[in-house]
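Below: a set of structures, written as C-alpha cells.
Both complexes below contain chain A, partnered by chain B and then by chain C.
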Partner chain A sequence: MRSQSGGGTPPPPNRKLFLTTAAYHRPSRWTPFWFLAPALAIKAAVVVVPAAQTIWLSLQDYLLYEPDAATFVGLGNFRAILRDEVFWISLGHSAVWIIGVVGLQFLLGLVAALLLNQSFWWRGAARALVVVPWALPSVIIGLMWTWMYDFNVGVLNDMLVRIGIIDAPIAWLARPDLALAAIMAALIWQGFPFFAITILAGLQTIPSELYEAAEIDGANRRQMLWHITLPSIADVIATALLLRTIWVANSLDVILVMTGGGPGYATHTLPLYAFVRAYNSMEFGYAAALALVLTLLLLTVVWLYVRRASRDLDR
Partner chain B sequence: MERREFLKLSAAAALAAPLARPAIAQTPTTVRWWYHFDNPQNSPAALVAKFEQENPGIKIQAEAIPWGGGNDYQTRLFAALVAGNGPDAAMVRLSWAARFAAMKALEPLDAMINGWAGRSDISDNVWKINKGADGKQYYLPLQYVVIYLYYRQDLFQQAGLQPPKTFDEFLAAAKALTKGDVAGFGMRGGAGGFDNWGPFVLGGGASFEKGGMVSEKALAANRWYVGLAREAKVTPASAPTDSFRQIVDAFKAGRTAMIMHHVGSSNEIVGALGDKVSAVPVPRAADGQGWTYFGDESNAVFSASKAKEAAFKWIAFLSTAENNNELNKLTGQLPITTSGAAQWTGHPKRFVEASSASLPIARSLPDHPKTPDFIARIWPTNMQRALNGEISPDDMMKAIEQHFNG
Partner chain C sequence: MKDRRSATRRFFEVELPVLAILAFALAPYVWMVLTSIKPQAELSLWPVRYLPENATLDHYRELISRTTFAGNLLNSLIIATGAAALGLGVSIPAAYAFSRFRFRARRMLMTGFLVINMFPIVLLIIPLFILMKNLGLLDTFLGVILGHSTFAIPFAIWMLTSYFNAIPKDLDEAAMIDGASRQEAIRLIVLPLVMPGVVTAGIYIFITSWNEYLFAMMLSGQAVRTVTVALQLFIGEFTIQWGLLTAGGTLIALPVTILFLLVQRRLVSGLTAGAVKS
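On to the complex of A and B.
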C-alpha cells in the first residue's frame, strides 16, 4: 500500500491528509486481532466468562437458595472434596467408565469398520444402519435400554429366561455389581459407530498397492492388519480415542436417565456427582469445585489432543 | 405563566389525555405463571381463556416447565429467581418453603386472601398445613393427593385375607401373596420412594426432630422396613431402583399384590385391572400411630413480581370450586375446595374415599431448607445402599439424622 504513494510521485500538497491516509492503509500489527475480535469476543462470552465464574464459584460456599449468604472459603471446597468418600467412589467409577466404554467402543468400532470395508452386496445398507445408534438422542437410548433391562417386563430377561441361560429375571439396574456394567453396555452400543465410521474413513485412504505388495511378499491377513492397516490408521485412531475420551468422561445423560447414579453410589461418576450436588443439593460452590477437578483431570487428555491437532496443522 | 402559554398547555393536555388514557387501558397486565402437569399433553388454555374473558385487563402467560421428578422444575425456578427472571406466580410445594423463605422470594398473601370470597371453601386444616413458618400465608392451596395402599382385591379374597390395618397384618399379607412371579409388596426404593418408607418408619416412631431418626423405636422401624426386602423377601429384586413407572407397571402387569401411591395413578391402574383393585389407608403401627405423605400443591406469588394483584387474581381463580375441578381434571389430583370435592367425579369413588380416610394421618415433610436434598439425594442413596446390604439400616438412619441435625 505504501508503494502506491511512492515511486517518485511528488508529495501531494496536503501532507497532513496524505499521512493520515497512509496510516489508515498501513496494516498495523493489531489488524489481525481486529479480524479475530468477533470470534474472540464470542469465545470470551461463552467459554472464558463461564469458566472464570465457575472458578470463582468454586472458592465460595454458595447455595443457590441463599445467594446473599455466600461466603468466600478459598480452597475449602477442594479440601472437603479430598475428604469426601463419594468423590473417591465416583472417581473410581469414572476411571472404569472411561477405560471400559472407550476401549470397548474402539474395539467394536474397529471390527465393524474392518467388516464394512469388505465388499458384500448389502454393504451400502450396512454402512447406513451402523450409524443408527449414534444418531439417536442419549435420552432415548437411556429410556430404551432401561426398558430392555426392566425386571418385570424387559425383553433381555425374557430372552435369557426363554433360552435357559438364567432361571429367574435379573434386576440389572438395581444390583450394585451389575448396574454400572449395564449402563456401560448401553453407551458402548451408542458410541461404537463413531469409531466405525471414523476408522472406515481412515481405511479407505490406505493405497491398495500396499496390500498387493504384501500379498506378493507372502504376508497373511493378520500380518497385513498388523503391519499395514493399523500403522496407516494410527493417527485417525489416536484422534478418535482422544476425542471420545473427552466426550465419554463428560457424559452423564444416559446414567441420569437409567439410574440417576444409583443404586446407592453404584453408578456415580464424577460429572454425575457434580450434577447431583448442583441440582439436588443446590450447592453450586461445591459442585463447581467438583467440576473443576474433573476439568483438571481431563486437561491432560485435552493437552494431548491439542498437541496432536497442532502437529497436524504444522505438517 | 403567560395566559396564552397556559391556554396552549391546557389545550395540549386536553388533546393528549384522550390519546394517552386508552393507551394505558389497552396495555394489559401480563402474568407469567409456571406450571407442570403429569401429562404434558394437557393444556390449561381453556382456563386461561375463561379468566381473560372475566378479567379483560389481565393476560396470562402460562409456561409449562418440565417436572423431572421435581428436581428440574425446582432448579429452574430457583435459578430463574436468582437471575431476576422468575415468573409472577408458580405452582409450588411445601417442601420448598424454607428455601423460598431463605431467599425472601415470596409475597405474603394474607391481606389478599382475607378479601377473597373463596377462602372459606378451603378447609381450615388445609390452610393450617400450608401456613409459613413465620405464621404468614404465602401459599394458596391448589390441589392435593395422599399416599394410600393399593391392593389386589381378587388376590386378597383368594387368600382369605383382609386389607391390612397394621404393620403386622401388612407383613403377613405380603408374605402370603408372594408366590412365584408375584411379589407381595411393590416397594419403591428409587426416586420419590420416601413416601413408601414414611408410613412404616415415620409412622413407626421416627421423626425429623433432633435425635428422632436414631431413637430405638426409629431404628427398629427402619430395620423392619429394610427387612421386607432383605429378610422377608416380599419385594421384587428390582425394588432398590424402582420408581413410579416401575411400581405402577409391575402392579398393572400382576407382578405385585400391593403398592403405595396416590389417586393420581388410579385411572391408569383401573384401566388395566378394573374391579380387581381397590385401596385403603396405609397400615398403622401397633400403638395406633400412623403417618402418610400429604402431597401438596399450591400457587405462590413472588415478591419480585410487578403484577402481584393480577397474579393473585389468577391463582385465586384457579382455587375457586368450579375452575379448581377443571384444573384437577388436567392434573389428575384432588380438588382443594369443599364444594368442588362434593361434585368430584374425576376418579372412581373408592380411591377418593381412601384419600379422605387417610387425611387424619397425612403430614408433609419438615419445612427445612435441606428437605428437597433429603428427598432427591440423601434418602434414595442411603435407602438403596441399605436395601442392597452395602450399609446397615442403622447407618442409613444415622445419615438422615446427620443431614438434618448435623
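On to the complex of A and C.
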C-alpha cells in the first residue's frame, strides 16, 4: 500500500494499472455534489424556500383563512409594525429576556465550570448530572416550573413562606410584574449547563504549567483566575455567548407553555408575538414581517458567530 | 494545578457549592417525579408535604388507560426514529463530501448549513404550514419527520465531518488504489470506523425530535400527535390534575435523560467542538 500516493507520487511498479484505477477514481468536479445533493435538497425544501416565501408573504396582506384575497401591500406591514405598540412592548421584553437569560446563564455556568474543574472524588458523576436540565424538552420544563410556581400548592411558595421570605403565596405567573422574570428563571435553569460544559471544556485546555509558574511567582488564587484562567477562555466564552444569544432570542416554546404571552402582554417577546399573530389571528403576512424583523435584528450576532465557527474550516 | 487545600477546606470551598448547584439542577426534575407518585389527596395539602406518604402508580395507570398518551408515545417514537434515519441518511454522505473533497463551494456550503439553523423557527413555520398543507403532508408522519430531521442536519453534518476528518484519508485512498470502488471503500473501511460518531449523531437527532414542540404542534393533528404536543394539550384540559401531568412528564423525560447520559461525553465534545479549539 502506498500511503503517500495522494499528492506527488513516485512511479508505481505497475504503472498501467495504477493509471486506470486512478483515472477511474479521480473525483470529477461534480462528485462532492452528488454526496451533498440529498442534504441540500432537504434543506432547500424545508428552510431556504420557506424563508424566501416568508419574505414574499411579508409584503402581502395574507390571511390564512382567505388566501385568495391576499393583496400586495409592499412595505405596508413593516410600516404597521413601527406603529404597533405591542411590537415595541415585545421588543423591550426581548431585550430584557436576552440580556437577563444569557447573562445569568453565563455567570452560573462559569461558576459551575470553575467548580467542576477542581478535583474531588465524585467529579465525574457531578459533571454528567449537571447537564440533565439541558437535555429536557421545553414542554417538560414549562410544566415543571408552572407546577412549582403554583399559587395554591406550589412548592416554591411553600418554601418561601416556611423560610419567612414572604407572608402569603404569590401568583408568580399571573402577576404582570413578575411573570417574565419567573419564566426567565426557568430558562436560566435550563441553559446554564451549556455554559458550564462549554467553559469546562475550555478550562481543560489550559496547560497546568501556567498555574505552576504563577504559583512559584507567588500568585494567589484570585490573581490566577484573573490573569490566567479568564484570558485563556475568553475565546470560548465569546463563541458560547454568541451561540446562546441566538438560541435564547429565538426561543419561545417555554413562554408559550407557561403563559402563552400573558397576562396581557407581560410575557410577549418578539418571536412569541410573531407566533401569536400567525397562530391565533392567522395573519400570516403580518406575522411573516415580524419574523423578518427579528431575523434582521439577529443578523449581526449570527454573522459574528459564523465568522468564528468557520475560522479554521480550510485546514 | 496541585490542590494544597485541606480536605475540610476543599469540602466547603468546592464540594458543598457543587452539591448546591446539582441540587438546583436536579430539584425540578426530582419534584416532578415525586409529584407523579403521590396520591391525589397528598397533592392538595398545604403546607406542602415533600415526600409521598403512600407512593402510588395510579397516575401512570390512569394516564395510559384513560388518555391517548400511549398512542402519542408511539407516534413520538416513530417520528424520532424516522427523523434519525432520514437525518443520518443525508448527513453521512454530506459529511463524507466535506471531509474528503476540497471544492470551491465547500466553505460556503458548510457555513451555509450553519447559518440556516440560526433563522428563527417562527420565520419558517408559517410558509411550511402552507407548503405541507398544499402537499397533503399535514398530520402525516412524513411531514413531521421531514421538519425534525432538517433541524438536526446541520449539527449532525458538522459533528460527523469531524469524525470523518479523524480517519486518515490515506486509509480509504489505499483501498481505492487496491481496486475498491469509492462505495466499497466507504462501506467497508470508512463507515465502520466512524460508527461511534454515527451512533452519537443518530441519538442526537432522536433526542432533538423527541423533545421538539413548536413544529410538531403546527404540523400534526390527531393522527400523528407527539407526546410533547399531547402533554401541552393536557395542561389546558385537566388544569388541576398535576398527578397525571407529572406522570406524563416523567414518561417523556426519562428516555431522553437515559439516552443523553449514555452518549453525553461524546455528544458534549461534539457540541463544544465549535466553541473550543483543540
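In the analysis below, the second predicted complex is superposed on the first by the 267 of 315 C-alpha atoms of A that agree within 3 Å, B and C clash if a C-alpha of one lies under 4 Å from a C-alpha of the other, contacts with A are read in each partner's own complex, and residues count from 1 in each chain.
The definition used in the following text is that contacts are C-beta pairs under 8 Å (C-beta built on N, C-alpha and C of every residue); 3 or more make two chains touch, one makes a residue touch a chain.
Source: prediction; values computed, not measured.
J.: Could you say whether A:182 touches chain B, chain C, both of them, or neither, answering first, second, both or neither?
T.: A:182: touches no partner chain.
J.: Let me test your reading of the model: by the given contact rule, A:110 touches which partner, first (chain B), second (chain C), both or neither?
T.: neither
J.: Touch check for A:173: first (chain B), second (chain C), both, or neither?
T.: In the superposition, A:173 contacts chain B only.
J.: Considering only touches as defined above, state whether A:152 meets chain B (first), chain C (second), both or neither.
T.: Both: A:152 reaches chain B and chain C.
J.: By the touch definition at the top of the document, which applies to A:253: first (chain B), second (chain C), both, or neither?
T.: The answer is second: A:253 touches chain C but not chain B.
J.: Applying the document's definition of touch, where does A:295 land relative to chain B and chain C: first, second, both, or neither?
T.: After superposing on A, A:295 lies in contact with chain C but is clear of chain B.
J.: Any idea whether chain B or chain C touches more of chain A?
T.: Answer, by number of touched residues of chain A: C.
J.: Please report the chain A residues shared by its interface with chain B and its interface with chain C.
T.: The overlap between the chain B and chain C interfaces on chain A comprises residues 64, 67, 150, 152-153, 279.
J.: Tell me, which parts of chain A touch chain B in their complex?
T.: Against chain B, chain A makes touches at 63-67, 69, 150-153, 169-171, 173-176, 179, 259-266, 276, 279-282.
J.: Touching chain C in the complex: which residues of chain A?
T.: Touch list, chain A to chain C: 1-6, 18, 21-22, 25, 27, 29, 31-33, 35-36, 38-40, 42-43, 45-51, 53-54, 57, 64, 67, 108, 111-112, 115-116, 118-120, 126, 128-133, 135-148, 150, 152-155, 158, 161-162, 189, 192-193, 197-198, 201-202, 205, 208, 211-212, 215, 235-236, 239-240, 243, 246, 249-250, 252-253, 256-257, 271, 274-275, 278-279, 284, 287-288, 290-292, 294-295, 298, 302, 305-306, 309-310, 312-314.
J.: Under the definition above, what is the set of chain B residues touching chain A in their complex?
T.: Checking each residue of chain B against chain A gives 71, 75, 78-79, 82, 99-100, 102-103, 189-191, 236-242, 246, 249-250, 253, 255, 369, 372-373, 376-377, 380-382, 384-385, 387-388, 390-391.
J.: Looking at the complex, which residues from chain C come into contact with chain A?
T.: Answer in residue numbers: 1, 3, 10, 14-15, 17-18, 21-22, 24-26, 28-29, 31-32, 35, 43-48, 50, 86, 89-91, 93-94, 96-98, 101, 103, 106-107, 109-111, 113-116, 118-128, 130-131, 146-147, 149-150, 153, 157, 168-170, 173-174, 176-179, 181-182, 207, 210-214, 218, 228-229, 231-232, 235, 242, 245-246, 249, 252-253, 256-257, 260-261, 264-265, 268-269, 271-272, 274-278.
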